[in-house]
Amino acid sequence: MKDMIEQYRVTAEPYYRPVANEVEMFEAAYAAKMPVMLKGPTGCGKTRFVEHMAWKLGKPLVTVACNEDMTASDIVGRFLLDADGTRWQDGPLTFAARHGAICYLDEIVEARQDTTVVIHPLTDNRRVLPLEKKGELLRAHPDFHLVISYNPGYQSLMKDLKQSTKQRFGALDFNYPAHGVEVEIVAHESGIEAKDADKLVSIAERARNLKGHGLDEGISTRMLIHAGSLMAQGIPAVAACQMALVRPITDDPDMRDALDAAVSTYF
Amino acid sequence: MKDMIEQYRVTAEPYYRPVANEVEMFEAAYAAKMPVMLKGPTGCGKTRFVEHMAWKLGKPLVTVACNEDMTASDIVGRFLLDADGTRWQDGPLTFAARHGAICYLDEIVEARQDTTVVIHPLTDNRRVLPLEKKGELLRAHPDFHLVISYNPGYQSLMKDLKQSTKQRFGALDFNYPAHGVEVEIVAHESGIEAKDADKLVSIAERARNLKGHGLDEGISTRMLIHAGSLMAQGIPAVAACQMALVRPITDDPDMRDALDAAVSTYF
Amino acid sequence: MKDMIEQYRVTAEPYYRPVANEVEMFEAAYAAKMPVMLKGPTGCGKTRFVEHMAWKLGKPLVTVACNEDMTASDIVGRFLLDADGTRWQDGPLTFAARHGAICYLDEIVEARQDTTVVIHPLTDNRRVLPLEKKGELLRAHPDFHLVISYNPGYQSLMKDLKQSTKQRFGALDFNYPAHGVEVEIVAHESGIEAKDADKLVSIAERARNLKGHGLDEGISTRMLIHAGSLMAQGIPAVAACQMALVRPITDDPDMRDALDAAVSTYF
Amino acid sequence: MKDMIEQYRVTAEPYYRPVANEVEMFEAAYAAKMPVMLKGPTGCGKTRFVEHMAWKLGKPLVTVACNEDMTASDIVGRFLLDADGTRWQDGPLTFAARHGAICYLDEIVEARQDTTVVIHPLTDNRRVLPLEKKGELLRAHPDFHLVISYNPGYQSLMKDLKQSTKQRFGALDFNYPAHGVEVEIVAHESGIEAKDADKLVSIAERARNLKGHGLDEGISTRMLIHAGSLMAQGIPAVAACQMALVRPITDDPDMRDALDAAVSTYF
Amino acid sequence: MKDMIEQYRVTAEPYYRPVANEVEMFEAAYAAKMPVMLKGPTGCGKTRFVEHMAWKLGKPLVTVACNEDMTASDIVGRFLLDADGTRWQDGPLTFAARHGAICYLDEIVEARQDTTVVIHPLTDNRRVLPLEKKGELLRAHPDFHLVISYNPGYQSLMKDLKQSTKQRFGALDFNYPAHGVEVEIVAHESGIEAKDADKLVSIAERARNLKGHGLDEGISTRMLIHAGSLMAQGIPAVAACQMALVRPITDDPDMRDALDAAVSTYF
Amino acid sequence: MKDMIEQYRVTAEPYYRPVANEVEMFEAAYAAKMPVMLKGPTGCGKTRFVEHMAWKLGKPLVTVACNEDMTASDIVGRFLLDADGTRWQDGPLTFAARHGAICYLDEIVEARQDTTVVIHPLTDNRRVLPLEKKGELLRAHPDFHLVISYNPGYQSLMKDLKQSTKQRFGALDFNYPAHGVEVEIVAHESGIEAKDADKLVSIAERARNLKGHGLDEGISTRMLIHAGSLMAQGIPAVAACQMALVRPITDDPDMRDALDAAVSTYF
């Protein structure tokens, strides 16, 4: 089990370009054992930030992609049938709490309420996790830290965190980086030159203005890296942008024209 | 099993600052074997109060965070497959009733009705728990006591306790403490000075007036302790308040402005 | 198994104060093997009545608190995995039918339809229970008797007994006892003096007039016993009434004022 | 298994008073291997008729009370875990088809569609039942016969038999018997004198006119037998009628008055 | 397993009276390995046609009555627990694909979508069935053929085959046979004389004109055979028609009168 | 396990006629490890394209037909009970990621959200798949590639990919091929002459204009191949078109007339 936790250690420094005071705030929250909620649109770097902080703090990182079919047992653990009867197996949350990892519950609103309620006793001063089926009251490892992500643009009437959950977290806002920073990131990650990355970021900025006017979400930093990667493979810029930036996010002919026009402005 | 109950014993006195006659009323209810319902908003100290009473009465405390996916089996118990066939395992409610613990069902309205109905025979003069699957009629330990919590602000048409459940409990009201008491609590728990705690409480009081006018819940005592803890880590007060008080509870720009303004008034 | 039925025997005479001809009617129904349905509001003594009749007839009593997640298997029985493969375990209804107990299904409308349909062959002249999964056609013990309870105030469009179920039962109406009788019960059960019990009953009578005018149910006899028990512990009458009579059943400020006023009239 | 079928044999002649040509039609349908559907209100004698026919034809009778939680596996069968691995267990339908019993599916509309569809291959000229999980294609015993009951008054938009199911059955209509016949039945079954039975039948006839005008169903023959049985126990007629005829079917004060008035007219 | 497929072989020639070119079209589709969809109302001979074609082509026939509770596992297969651990058991579709049978999925729209999607890879040029749970990619036997039935009159907004499923099939229309052909069928199947069969067909033709005007479906050929069989048992024609043609399909008094009138016109 | 992957290898070159730059774009995406989404109507060649690319790149292909009952466990894997206890079995996605296959999730919108979320960590730079139940963090084989298909015409309000999923893919548009190309494909696949294939394509083009005017989808290339195959079996062209092109997709009499007219124009 000690060895298993090692596979969750972030061994190489993940590239991360800080935007504001998020690194210091996270470190203070970690020191104060205050759970952290990362808010922001998809593809703007929340996951990368957590990986970076796990590396910086030297702690293993256990990531869980939440979904509406996930039950409390999926993250807490369950009994498995073995040659000698049943054997308990820690779920990812229990595993992280027991061995002192950072546990990152990605898009937690997607999960069923039992998943969100199960974290409550880990998020107040008790820092315990009752494993009711196992009859164990697990006290969290001092290094354990809980991080969740949350996309406010998603938040519907049906799916929102309960106030009693929200209150247990300190929150950090995330958004797409400033122009210069984003150019730097795209160039670094895809291997294209800064001038091409600059054009891609400009296209994205135009598209982001269409959010709410026909687009559900803007073009994210991740998509720009995709386009850049295709260009680095020798694909012409326009074809790369069509495949990586335009076609994935809309099938509406007018919106496609608008986005294609933005592409032709720069390439 | 005798040893297992020990891990649920509250060994150190939990800090609790009484607000009214709640300690005496709870003691009388305990003596009269009358189940108790704690009513009040999230984060105002209900859980801490139960911990304090468990310590004061010298009884173990078994806490269950209720949720809508929780079944009666989750609290009563089930058969597990073992090397020698099936083995019964007490759920937390059964465990508490058998060994004379206080059982605290937190936010019971969240649970499915079978969970709330299953407590009925434990809450009248019979004080029994039929373990139908096991064929046992468990008579509760004389020390056993049942406590539930209930947030009236939550109570929707869909989710409310049945009258036949409510009637089985005596009820204690909880609310945020008076100004001076709350300053004392925040200072004690976060380690900041009273004058800073005083400012945090004042901010919270302003926010609580916005409840129902754009905020679902006010800023709780727990959140003030969070902000204080960040400040104790050296984070500037304004940044601490943003992370711990403002961003977790609202994404509405106007509401954020109003709360930020309240913060700047004091820091 | 013979021994197990003994734990369901009511050994001490349960206190019960008859109100009308209910004892004789129940005895005739028992002799005629006619299943009985008890109708009435929560907390008015239906459960106590069944316990009293079980004691009077000298039969064991198996009580099942019905709920909407209860399946037919929960009351009929199921196969459990054992060291030697599967083993059949009687559910409470089967157990009662096999060993000649009175089976009391409390609040049967709460259960799913399969639970209500499963009792049909036990309620006509066949008096059998097909254990389809076990391949057994259980013929009920001659002493077996089926009793169900039913709260007409609850009965919604979604949840009502089917006509084909209702027809199988003789019905007895229950309600809160007459003033003098209720005073007698409250004094006996809580240990307070008759003059205090009299005041508690008067408060309840006022509250019962509010049923349908802001209160879903009136204050029940059980709640009066709660208040009396707190008073017997030395709690002042007003505080006892607030905890046991007012706060459990309403959070509406006006309704609370009305009930508090009723309390102050008498104490 | 041969022995098990014996417990389903109707050994004593069940009392049945024919109303029309139903006995001859059933015998012809049995000879023609045409499945039979019995239509009519609850409590008018459909179940008794099937028992009588099973006795007359000398065939075992397997009765299944259908309900909305019943699955195809519940009637077809399933694998059970045994000391030597899994063991197939016939459900009641398979059991009846294999051993040549009459299988009576009571209130089949209540069941889920998979239950109704599973009978299709047994109801056409193939007379087979594919046990898909077992990999067996069971050919029905020549004596096997399928009977279902159906209450047209129930039939809602949501719950009705599919046309492709209805078509597979010949149908017999049932209703409450004519006055003289019903008097005869009630007197025979409850043991009261014909003149009292006559009064009970007259009360029922009044109530049946209220069907659709405040009553969902009329007073059935079964209920009259209940009232008669209480009278045979020495209960006064009015009290017996209240318990057995009035209170079970309505809580509406006006309707209760109307029914009580009908009772006082005769007793 | 080789032996098991034999029980699905159609050994005697099933009586089938061709209506148009359906036999030739089916043979060509079989030769071209093109899956076939049979469209038409219930009881018009689709099942009999498939049996006839299976007999004519000399292939075993595996029939599955689809229903809304049927899962993909029910037709593909699952692991069963055995004395030596788990053992895979082919479902009917897998069984048919592996051993070269015709697989007939009757009323496939009734099934859940996973059942309809699971057949996709068997219906294009790949002719494979991925048994994901078993880790096997089953290549269909060259003799395997897939046939589904579909009742367009049923087809609601909620339940329709997906276009991507429909496209994979060639379709054959079925309907009630022409007058003379139907007379021939009814006489042959029920054993009555042609002149009586002629009258029954005439009654059916009148009823079919009422489809959509108070009747959901007309009287099918199968029902006429039922009526004829009762007549062959000596039941008078009018009583036979009431039991087999009128009462099964309607409870509406006016519609019953109309149908009864049609019966009296001929008998 | 090594051997098992071999059964998923595409050994013979699948016939594929490129339409635009889709082959080059897919190769670049594969080299850049960018997941690919294929968009387009049913039956236009998406599946064939993936098979062709798998053959061209020399990688095994694991195809999963998604459906609304598919759970994350169905594609990730689960524990199976074995003679020696439980044994983990990779699902198709895990199997492909572990052994370096192309995994094709066909019609992914049909699947439940947990299936779509489970692919997230495989689609960013982490390229990992957390097997939470097994406690393994699988790092994808360098050859692994993820491809999904998506039919925009289907996309309803209820069922659409989440933005956070769409963003992770580059997208390629598919549609029915140009006239000459489609003729070539139909002739090649069905074995009929080009002049007959030409007529079939012309009929399809007429029908595709009716899409949205009474037809949900046009006649696909796959259906034309079906019609051609029947003709190659000697079936007259008109009968072949009725069975393969007209009857499968509509039951509306007017629409059938329109399509039949289109058929008679050419044959």
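By letter and in written order, the chains are A, B, C, D, E and F; residue numbering begins at 1 in each of them.
Convention: contacts are C-beta pairs under 8 Å (C-beta built on N, C-alpha and C of every residue); 3 or more make two chains touch, one makes a residue touch a chain.
Chains and their UniProt names: A, B, C, D, E, F = Nitric oxide reductase NorQ protein.
Keep in mind that this is a model prediction, so the values were computed, not measured.
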### Message
Applying the touch definition from the top, give me the chains sitting in contact with each of subunit E and subunit F.
### Response
none
#### Entry: Interface numbering overlap (same over half, different under half) for subunit D and subunit E
different
### Query
Using each chain's Cα centroid, which is most distant from the centroid of subunit D?
A
### Interchain centroid distance [CA atoms averaged], subunit A/subunit F, Å
30
### Task
Mind checking the centre-to-centre distance between subunit B and subunit E? Centres are C-alpha means, answer in whole Å.
60
### Message
Can you compute the centre-to-centre distance for subunit A and subunit C, using the mean CA position of each chain? Integer Å is fine.
### Response
52
### Query
Multi-chain contacts in subunit B: which residues touch at least two other chains?
81, 84
## Note on the structure
The residues of subunit C that touch subunit B in their complex are 4, 7-8, 42-43, 47, 63-70, 74-75, 80-84, 89-92, 95, 106-107, 110, 151, 189, 216-217, 220, 222-223, 226, 229-230, 232-235, 239, 243-244, 247-249, 251
### Summary
So, in the complex, the side of subunit C touching subunit D is made of residues 21, 24-25, 28-29, 31-32, 34, 37, 39, 71-72, 79, 81, 84-86, 112-114, 116-118, 120-121, 124-125, 130, 132-133, 135-137, 152, 155, 163-164, 166-173
